[in-house]
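Common to both upcoming complexes is subunit A, partnered first by subunit B, then by subunit C.
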Partner chain A sequence: MELFDHLLYGLQNLAGVTPVLVVIAGVVVGILGGAMPGISPSMAVALLLPFTFGMSASMGIVMLCAIYLAANYGGSITAVMINTPGTPSAVVTAFDGYPLTRKGQAGTGLGVSLIASVVGGFVGIVILILFSGPLARLALKFWPAEYFALAVLGLSTIASLGGGRWLESFVAVLLGLLLNTIGLDPLSGVSRFTFDIVRLYDGFSFIPVLIGLFALSEVFSCIESGEVNAPSVVPDKDKSPWPSVRDYLKLKYAMLRAGIIGTVIGIFPGAGGTIASFIAYDVEKRVSNDPDSFGKGTPFGVAAAEASNSASVGGALVPLLTLGIPGSSSAAVLLGALMIHELQPGPELFTKHPEIVYTLFSSLFVANIFILILGLLGARLWIRTALIPKRALYPMILAFSFIGSFAVRSSMFDVGVCLAFGVIGWILTRYDVPVSPVVLGMILGTMIEQNLRTTIMMGGPGLFFSRPLSLALLTLAFASVLVPYLRGRKSPSSRKGAGGAA
Partner chain B sequence: MKRTVLWLSVVAILVSSACAALAAYPEKPIHVVNYVGPGGLMDVTSRKFVSVAKKFTDATFVIENKEGAGGLVGMQAVLEQPADGYTVFAATTSNIAKVLTSKKNVDEYVWGFEWIAMLMKDPECLIAAEKAPVNSWESLVKDAKEKNGAQLWTGPAAGGNDHLIAMKVWDKAGIVGKWIPYKSGPEAMMALLSGQGVVYVGNPADVGGREGFKIIAVARGERMKQFPDVPTFAELGVKGLEDEVMWRGFAVRKGTPEEAIVWWETLLKKVVADPEWRGFLEKDGIDVVDYGRKEFTEQIKKDLEDSTTYLRKYGLIK
Partner chain C sequence: MDIIGFLGKGKGALVLFGACAAVLVVLSFLLRSTKFAPRRGRILIVAALLELCGVFFFLTFGLEDIEAVGSSAKTAPRLWASLLAFFSLDQLRRVLSGDAKPDPESGDLSRVFRAIAIVALAIWGMAYVGFYVATCGMILLLLLLLGERRPLMLLSLPGGWLFFSYFVFARVLMMGLPTGALFG
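Let's turn to the complex of A and B:
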């Protein structure tokens, strides 16, 4: 009961015009920042950080948390409408969100992504408030061996992502992993394939690659196929484009499952919302009665992706508040914000400044409610994107892709990267190689390499098998690749869509 | 004739405007380039410095973040700007080590700068997990001898300042350890807490607000006021580690007008005398300094020399 008193106290701090305006401002900036390709949640939080210097510590943190939470939702809007994930964690949302739009059901895609984000957000916050202690102890059980095993488990999701096209998916994921070897060696600092270009020292910047692979390649394919001149899909005028409450209720377990997965994976520094969404999507596909509908526009896919990445926000705050260690790059910016206000993040915050902690908790609830309200209002606007003729829309996508790529590091080099990956993505799509495994390979590559080598430095490869958690995760990963493969061999007739590559 | 007059007037205008510019540094916004993202350690420092500096000057400061390649991206960005004192690089010790380990040209990336203001010395220290079996210098040495080279030390990037200090400690104390690099300092501390390594190399501020850590030795001449129980290396019988620090400071491109440099040196003295600035740093056990060009350049020379010696000794560079 004491907890509720604290939360109520926190809510009282939020009563008043200024705090509510601060939350609304945070949510608006977050949604717009998230929707803009090129501005990831951590960048949205970072951009607004200087504005919080003049505020009180608790208001500043409230605003930044609202941005963080809202940006994770915002990324889904462009993913659903124009197949351009606004944030890395929305990549998975595009798998089913965009096919829904193409089918003329943009309302379903937008509605489900909003509701799933809000539900996932709530799941994450509740778990954060109730179980941050035990979760922090779990995070400490993770050694590099476990991080490696978790990344391998993430990689194993390609087995289901590729939709039966084993070889193509495998090639794509290898491409992603190989791209990751460009840049300074994460352990020894030796420069690899950088050709002495300082911009390449950290490898390819992830966001320009993402925009190129998804948005630009789509534009190129469209130009090639002449689809640009095709009329846009106009939704049925007589029917409401939005899903009914009953439609949402059907997704409740999917959202809950994904929310829990998202929160738990969110607690591990370096894993975060993107990996969480891949794994949640994979799990959802496996438990589904109709796995074939995934990738072709099922609300279950959108719900899993969005619920998990929004839930990861709560997860990422667990190590920040309990150990003083940020669980994600956005949480790292929050840590900086606390330090600027001369507050030490970590367990001391609970004892020395409980008012800040509980205001933060309450503000997450409030922010989530405003995401729902503003999201519902905004969705009426976003859905009109579907009505824009492609001839007008695609040049705009092209322009925004370049602006977004430039925005990441104010660098023309990244614009070139975006263009190059646009061409690569177009070629891959043309030969029926899925692009999402490339992204997965790039996200997980560094994590796999660093943790593999660290483990071997620490005590040799035996550690992967002598540590129970690591062994369990690796077995799970192995099984999740092997089972569908064996099943696929038993019934070769169920294999589809491999024709293009042959 | 007409043409000559025209040229003369052009020259006159240029000269006078140049004089005006010189006479009134800073007459336009000064860009401070951080090599870390917003919220990073140096970013927090530059923003605090600017906010304190505003008490003493009307100059406008713009804080920029140019992340990447351990500071090389930011350094390059400053070197590409004109040497007029309006673009300032916010540097830390790590940048010097980065130039060496990535085999960049020292004359360009280090001596292409004029090192104008060193703000602080953050003493380097060894941190252990409070409840672990190794939680003092004596137990650390004993454990290192037993493990004979397999004792694990955690910290950020290989070849960085913390790694360098580790190598120095091994050398001076006659023990051997193994450096396990993590993506960031906080992740390395978490690794320490979960028992992956026995000791973390960092700064006193790292233990602030976090539970379960203990500083076991500090590389300083005397004990710190804020942590009176922490022994220095000298007290523990290890000589040659009296002044190992992570510094933070500002640099401008070589060739910047003298006037701008003097302006910065003067501003630094004023900021350093300010209680808000001192309080901000001293609570974390950091020594506030006001080194100008001469002393800062000496520090850089020492860093370069030390880094080269130890990186070579332990085989990180040839």
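Let's turn to the complex of A and C:
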């Protein structure tokens, strides 16, 4: 009851024109930032950080959290419409969102991604409010062995991501892991495979790789197939472009499942929304009655990906607010913002400044509602992207790819990397090698290597099997790979199939 | 050790990658008139991956050795390269035994290569003419390549992009886009 009183008090703090405008501004900036490849949620939060200096602490934090939440949704817009994930966590959204657009169902893709984001966001916030204490304690029990096992579990999703192409998926994920070793070794600082190119000391920047593998490769594939001269996919006029309430209700369990997975994975520092969306998508595919439809444009895939990455925001705020440990790069920027406003995250924040904590909690609910409203208004505009002739759209995608790649580190080298990975992605896709496992390998590579080696240093490889949580996660990962492998061996025809996400 | 040091940087790296590319070209030529010709593309991809594994594994011998209780900077690259080589060889076995699909039908490859050349030219040109001119030129050339001939489109799209990108990225987001030697 006390909790509801606090939340009501928080809501009262938001009653007024200024707080509502602050939330709306945060949501608008977040959606636009997320939709723009190259502007990550953390970058959007960091860009607006100086504007909060003149605000009260609570309003400043409210605005930054609204940006963080909205940017996770914004990333899905370009993923669905032009196969260019605006944020790394939107990669999985593109697996089914873009095929929906190609089928003339962009409205379904956008509608489901919006509602799933909002539902996932609510799930994350509710769990944050109710269970932040116990969840934070659980996160503290994670040693490097468990982080390694969690990352391996994330990698195991390739077994279903690649559809029947399990061998190609393994090759692709190992290619991603190998490419991820380029740069300075995360533990010893030894320079590896940099060929004396200073820009490679940090390894490949993730966004240019992402844009290249997804957006540029798609453009090149369409140019090759002559699809560029095909008429634009016009939504069926006899059918509503938007999903009905009944359609959304069919997805309710998928959204809830993904929301819970997203929140739980979001609380582990370093894991974040990207791993959450891969795992939630994998789980949804495994429980589905029609797993073959995944990767070909099923709303369930979009719902799982979006609900989990939005829910991970609530998860990332758990260790941030309760322990002062940021769960993601955006949460790290928020930690800086809290400190700039002379607030020390941790248990004391709840006792010394409950008004700020509960205003923040309430504002997340309000921000979610504005994401829904502004998302619905904006979606009517985004959907028109599908009507742009492809020969006009593709040069613009390439120009945007330049900006997105350049923006990350203000580096022309990254623009070249984007083109190189575009060509690699085009070749791989042409020969049925899925590119999403390459991305997954590159995302998880550092986490796996760092925790593998730290665990070996701490107590040898035996530690992976002597810690119950690590053993359980590794067993789950092993089973996740083994089951589709054995199924594939039983039906050789499926190995030749082209199903699965790109 | 010296040869690894030489191949791991500068001109040595060019020699290394040039040799790898040459092997692929020769292999492609040799496969043209064999029974493997319908799966030549797949074989070349596997060969490229095996070369990559070989290069990475070979270069780990030149890495500085800061050993820390059973693991070093060499551990992960060697592990991933070995596993990638193992799965690539399995893939090669499938391709050679005819278990894999034949290569896909080629589409308009020359148009793709021209598009890639235009994009590469724009990236190279940015150092000289700056971001705005290079991207406008790229959009115009790509429009022409993709078959657009309407003058209004050919003018409005690059022009619109110029105004949009300057206003949003340079003025609003204060992004320091390259201006190029010509205007810098």
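Basically, the second predicted complex is superposed on the first by the 493 of 502 C-alpha atoms of A that agree within 3 Å, B and C clash if a C-alpha of one lies under 4 Å from a C-alpha of the other, contacts with A are read in each partner's own complex, and residues count from 1 in each chain.
Please note the rule applied: a residue touches a chain if its C-beta (ideal position, glycine included) is under 8 Å from a C-beta of that chain, and two chains touch if they have at least 3 such contacts.
Small disclaimer: the values here were computed from a predicted structure and weren't measured.
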item	value
Contacts of A:Y281 with subunit B and subunit C, given as first, second, both or neither	neither
Partner chain in contact with A:Y358 - subunit B first, subunit C second, else both or neither	neither
First (subunit B), second (subunit C), both or neither touched by A:V415	second
Which of subunit B and subunit C A:S188 touches, first, second, both or neither	both
Touching partner for A:M457 - first (subunit B), second (subunit C), both, neither	both
Contacts of A:G336 with subunit B and subunit C, given as first, second, both or neither	first
Of subunit C and subunit B, partner touching more subunit A residues	C
Which of subunit B and subunit C A:F142 touches, first, second, both or neither	first
Partner chain(s) touched by A:F370 [first = subunit B, second = subunit C, both, neither]	neither
Contacts of A:Y248 with subunit B and subunit C, given as first, second, both or neither	neither
Shared subunit A surface residues [contacts with subunit B and with subunit C]	47, 187-188, 191, 410, 457
Touching residues on subunit A, where the partner in the complex is subunit C	47, 167-168, 170-171, 174-175, 177-178, 181, 185, 187-188, 190-193, 195-196, 216, 219-220, 223-226, 228-229, 390-392, 394-396, 398-399, 402-403, 406-407, 410, 412, 415-416, 419, 422-423, 426-428, 430-433, 445, 448-449, 452-453, 456-457, 460, 492, 495-496
Footprint of subunit A on subunit C - complex, ascending	8-10, 13, 41-42, 45, 49, 52-53, 56, 59-60, 63-64, 66, 68-73, 75-77, 80-81, 83-84, 87-88, 90-91, 94, 99-101, 103-104, 106-109, 111-112, 115-116, 119-120, 122-123, 126-127, 131, 135, 138-139, 142-143, 146-148, 153, 157, 161, 165, 169, 173, 175-178
Subunit A partner contacts - residues on subunit B that touch it in the complex	37-40, 43-44, 47-48, 51, 63, 65-70, 72-73, 76, 101-103, 152, 157-159, 178, 180-184, 186-187, 189-191, 193-194, 196, 208-211, 280, 283, 316
Subunit B partner contacts - residues on subunit A that touch it in the complex	42, 46-47, 49-50, 53, 139-144, 184, 186-189, 191, 198-199, 201-202, 269-270, 319, 323-326, 332-337, 339-340, 342-349, 409-410, 450, 454, 457-458
